[in-house]
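Should a chain be cited, it is by its letter among A, B and C, assigned in written order, with residues numbered from 1 in that chain.
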Amino acid sequence: MTATAAGPAPGPATTPQAAVLVEHVEVSYRVRGQDRLALRDISFQIGRNESYGLVGESGSGKSTVALALTRYLPRNGRVSAGSIRIAGRDPLAMNAAELRQLRAREVSMVYQEPGKALNPAIQVGEQVAEVYEVAGLGKAEALERSEAMLGKMQISDPGRVMRRYPHQLSGGMAQRVVLAMAIAASPALLILDEPTTALDATVEAEVLDLVAGLREELDTSLLFISHNLAVIAKMCDRVGVLYAGELIEEGPARQVFDQPRHPYTVGLLRCIPRQGQRKDRGRLDAIPGFLPPPGQTPTGCIFAPRCPIAEQRCRDAAPPAFDVGPGRSSRCYLHAATADLPRNTPADVSLPTIAEAARPVVTMRNLSKTFSSRGEVVRALVGVNLDLERGETLGLVGESGSGKTTLARMLLGLIAPDAGSAIELDGMPLGADLRQRSRSQLKALQIVFQNPDSALNRRHTVRRLISRPLSKLAGLSGSALTERLNDLVRSVRMEPRQLSLRPRQLSGGLKQRVAIARAFGGGPRIVVCDEPTSALDVSVQAAILNLLADLQAKEQVTYLFISHDLGLVRYLSDRIAVLYLGRIMELGEAERVFGGPHHPYTEALLSAVPSLDGQRADRIRLTGEIPSAADPPAGCVFHTRCPRRLASGICESTEPPLAEVEPGHFMSCHIPIDQLTNLQSNGQVP
Amino acid sequence: MPAGIVPREAERRQQPAWRLLLDRPTFVIGAAILLFWIVCAVFGTAIAPHNPLAQQLLATNMPPSAAHWFGTDQLGRDVFSRVLVGARTILIIAPLATLLGTVLGTALGLALGYLGGIVDMLVGRLVEAVLALPAIVVILLFVAALGVSTITLILVIGFIFTPLIARTVRSAVQVEGQLDYVPAARLLGERRGWMMFVEILPNVFPTVLVEFTVRLGYAIFTVATLAFLGFGVQISTPNWGTDIYSNYVLLGAGYWWETLFPALAIASLIIAINLVADSVEQVLAG
Amino acid sequence: MAIYLLRRLGLAVITLWLLSVIVFFAGQVLPGNPARSILGPLAAESAVKALDHQLGVDRPLITQYFSWIGGTLHGNLGESYQYQSPVEPLLQAALVNSAKLGALALIVIIPLGILGGVVAALNAGRPLDRIISLTGLSAATVPEFVSGIVVITIFSVELKILPASAAAPAGSSFLTQLRYLILPAIPLVFVLFGYIARIARAGTIEALESDYVRTATLKGLKRHVVIWRHVLRNSLLPTITVIATQTGYLIGGLIVVETLFNYRGIGNLIFHAANAKDFPMLEAGVLTIGVVYMVATLIADVTTTLLNPRLRTGVIR
């Protein structure tokens, strides 16, 4: 088998069409006197008007690629080998003036946190105008053109927005401003580095649609960097997969995601829940092992330590990029065998079912929470009624402002609900505040937080972190405690020797395991999982989710699973509640809520989220921003954005009650269920 | 089931703080000077070439020479020996006062930062009131009222430092309070005392340490300044500040060595402490 | 905005009131019998009692406090024990003198400190930065009397080019007065430079590493435009507050400097009052200092709020 180098043709004749040409680029950082390679032998090209996606987890080096292209590496970083050409010119060989020209005319960048990318002390209009001024326009004309550009970004009333300061803009609005700045110069290359990661699902969809539309209109190439494979699949023609600084697979996006030809890509795809996968059927498969520590240059294939089919030759010499199809390459000796890559964990497990109980373990009635600060009254949660059945997983879904976090915190007693709210545990009323609850009540309710860095006391050892609930809540001590401690450690798949470590010495996934062990230490009945995997890498996510599912079965607990990721919610949940502006829009069994008929908001949410399974041909487009919780719309709170708003006007005037439209399926909508079913199953998109 | 997902994680090696400190030239220099003065304070009388208390009325105000490296003062006492021994008072009062202020200030800062509420608002006003005045001024006020003694100085300086340190600790505690381990611990039913001293304190301890070292410099500054103003503790042991106080009127007459050398000694000690404080801050922040 | 100002003012008033209580407590309650300390241990008991009555210290504490506060608010600050004359005019004259010296110091230190901090930040990690930072650090730690003595020794005693006393002869011109104030200002400048430079440096570094500066640079703007328009506007905001708080250190330094240079400013006044246990003078002086400090911080807070768009406008959707 001979290897043929893929990628750009060798020799001086490069395609004049390529907007970006990267050849054998190496980037290294100087840390404590030693050089560490962040990128190794990266080669790719982006054609004119082509959209190229760069996918990778944290530590893969994807942001470094962007920094290298714009020559904005930090002081201790440099391109130590290879060449870069943007629109035929070499940024590494330019002097300061030429570099400024390049940045002003040819390359633009859009970043992850739009609010921070704007100067807080200057009005946004002026900041956009700066781009025009650099191009040589006078101040007045620059401002005019800026206003026009903001209008093009689908910002209504651009004149008013021009005079705002960044902190006055919502995330979606700010990102549109940044986009306007980026497009204003009609660059040859637009780099987007996680542009929608910080945005809500419906806002994200709008921004992505905007970008796609702009691309069609202008003659700009796109370099789209993200850890989210679904977004890349939606936005990009071609994709390159980065692992630990190496480009291990490359090719047309659809092909790479449907038939991956590298074990890492296969593993990555198996970490993402697709339609039909459930916690016990078609399980997510985790990738064992860890990322190599930064700066280590291994002999052999960089993925070999974690690869299920690695052979001796893989460990001896690093594979070159093999040509595996038209425009496709893969750095794997065994790329032909990837179609049947063995799994690390079984696909189907039998989880013991939990016996149904006579009554729900938790009932919440008329749960409301109003915050008032500086004269502003924010109704975070309004009259919510919800039950938690024994042993189930209730998924709580909603965007920002939905109130899902507030609900969880009230359940736990961290926030006191408004008067008139009632929460009961096993039929006994639960005190509004922690301090009013008995030890057995505290024992019963625990939480796994989103960010394990924040959730674990960094000065305590793992042993102390996990032992505390054992002694405080479960009342154990001495040998009984030690036994249960070791038990717990094993059940979260950690080793007893790790007990003496501190959180700082652990990776993200390990820290979350400690947090989970802590939550289960006291023997809880209900565990709130508040975005438990959002702060973790995709490959780690799967392991944690499966762990949660296994623990649930073993310890017979109920989960309140909060997430903004619909795919995860569908994978794990038995029932789902959809929240919008503090009210329940829909509540029912997972498959019913996802399969339909669904509430118009749920429908829009589902259609907004990009999925690897391919896009639905038609899409519901929501307009406008999520209204502020301080000033919610009258009537049905969703009516301002609802594409199926009834002509009779009832949606504007009356708030619909949460009614049972089918057995066990509740909706808060004026549209009669049969009408809804008809509209949605006929694919009638308004 | 095979090993599956038994993690062999990359354990990050942590260099202990003291080793990082020793790598810094600023720390080494500062610590060396500090150590020198501590040794002098303890063993000074043994090392000094002349008896610092011995008066030679026939050899007053002699400029620096081979016999008297720093010259003699208006009572004929050897300035060099007095400088060597003069650290003692300052090195007793300043650290004790700073320790007092740090302990009280940390406790106050923890309480205000964690408990918040009305108490925080009221006590906050009191803290602001005290902080509205420069330390020297407040100390002068109290010392005029109570007179000067070692205990008074330690107590007054300690009490002045308490609100200063409390303010910094309070901010640090409030930042910690935003992290999720705080509600996680509350969910275990931990009481307030535990929360403050077992959960939060270890995390703000670096801040406390930095405050201690920084305030120590300021304490020395203050004790020396008070002595210069004539509010130094009047004991027979040589004291840099009081020496300056006694001799600076002679500056006009041209007798500069009697004042300059003790002044430089003070400067060196304070600079040393601040070099140490700066290094500690850099290491603990990084 | 107006509400914020009123609240701020209200809080300041409360703090001032607490301050007056502290001062009164220290001055009237702690020392014990003022008449005894003035007349000495050998004076007759009847003489002490008479003086006590004359001074008004035999009345109940609360009455004494209110009479003192009432008097203060009316401008009557009592009579100095030392000079047997009203405190008020002496205090006023001293305040003017100190203001001159303080103003000179501030005029030098503010631009110098900010410039030093910004230059250090722009060269972060390089030798120039280390030099500026260490200089600032060392200078700030040297007590004013130490640097004062060194400066006097060099410029006045040895070189004889500047006077060792800060009090220019009555009726001197502005320039002559200035010449007399140069040496006393130097120790003050030393002490304040380090801290202001440090804050300016920290603010500038934070701005330089921010996302919005990255945006500005990647727009293709020239470096000096980035620094001037984007960096400085944000980095210097915290410096304003710091300058106000530094007035506290400035005043503390005045006590030493004015004593060393024989200058009849408020610091000197307080020092002599403390020495002589002249409590009316001492209390009045300390209270005045408190007021000056609170006014400075109030101005700083208001200025910061006006200049920071985030505080000015609040969040609107």
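Details
Here is the rule we use: a contact is a pair of C-beta atoms (placed from the backbone, for glycine too) under 8 Å apart; a residue touches a chain by one contact, two chains touch by 3 or more.
Everything quoted here is computed from the prediction, not taken from an experiment.
Ranking A-B and B-C by contacting C-beta pairs places B-C first. Among the other chains, the CA centroid farthest from that of chain B is the one of A. Centre-to-centre separation of chain A and chain C, using mean CA positions: 52 Å. Once the centre of each chain is set as its mean CA position, chain A and chain B turn out to be 49 Å apart. Rounded to a whole number, the gap between the C-alpha centres of chain B and chain C is 22 angstrom. In chain A, no residue touches two or more other chains. In chain B, no residue touches at least two other chains. Chain contact summary for the complex, chain C toward chain B: residues 11, 14-16, 18-19, 22-23, 26-27, 30-31, 134, 137-138, 140-147, 149-150, 152-153, 157-158, 164, 248-249, 251-252, 255-256, 259-260, 270-271, 273-275, 277, 279, 282, 286, 289-290, 293-294.
In the complex of the two chains, the chain B residues touching chain C come out as 26, 125-126, 128-138, 140-146, 217, 221, 224-225, 228-231, 244, 248, 251-252, 254, 256, 259-260, 263-264, 266-267, 270-271, 273-275, 278. Within the complex formed with chain A, the chain C residues making contact are 125, 210-212, 214-223, 229-230, 233-234, 308-310, 313-317. Contact residues of chain B toward chain A in the complex are 3-12, 14, 179-181, 183-190, 199, 202-203, 205. Chain A meets chain C in the complex at residues 70, 72, 75, 96, 100-105, 107-109, 111, 113, 116-122, 130-131, 134, 164-165, 167-168, 170, 178, 181, 374, 625, 628, 631.
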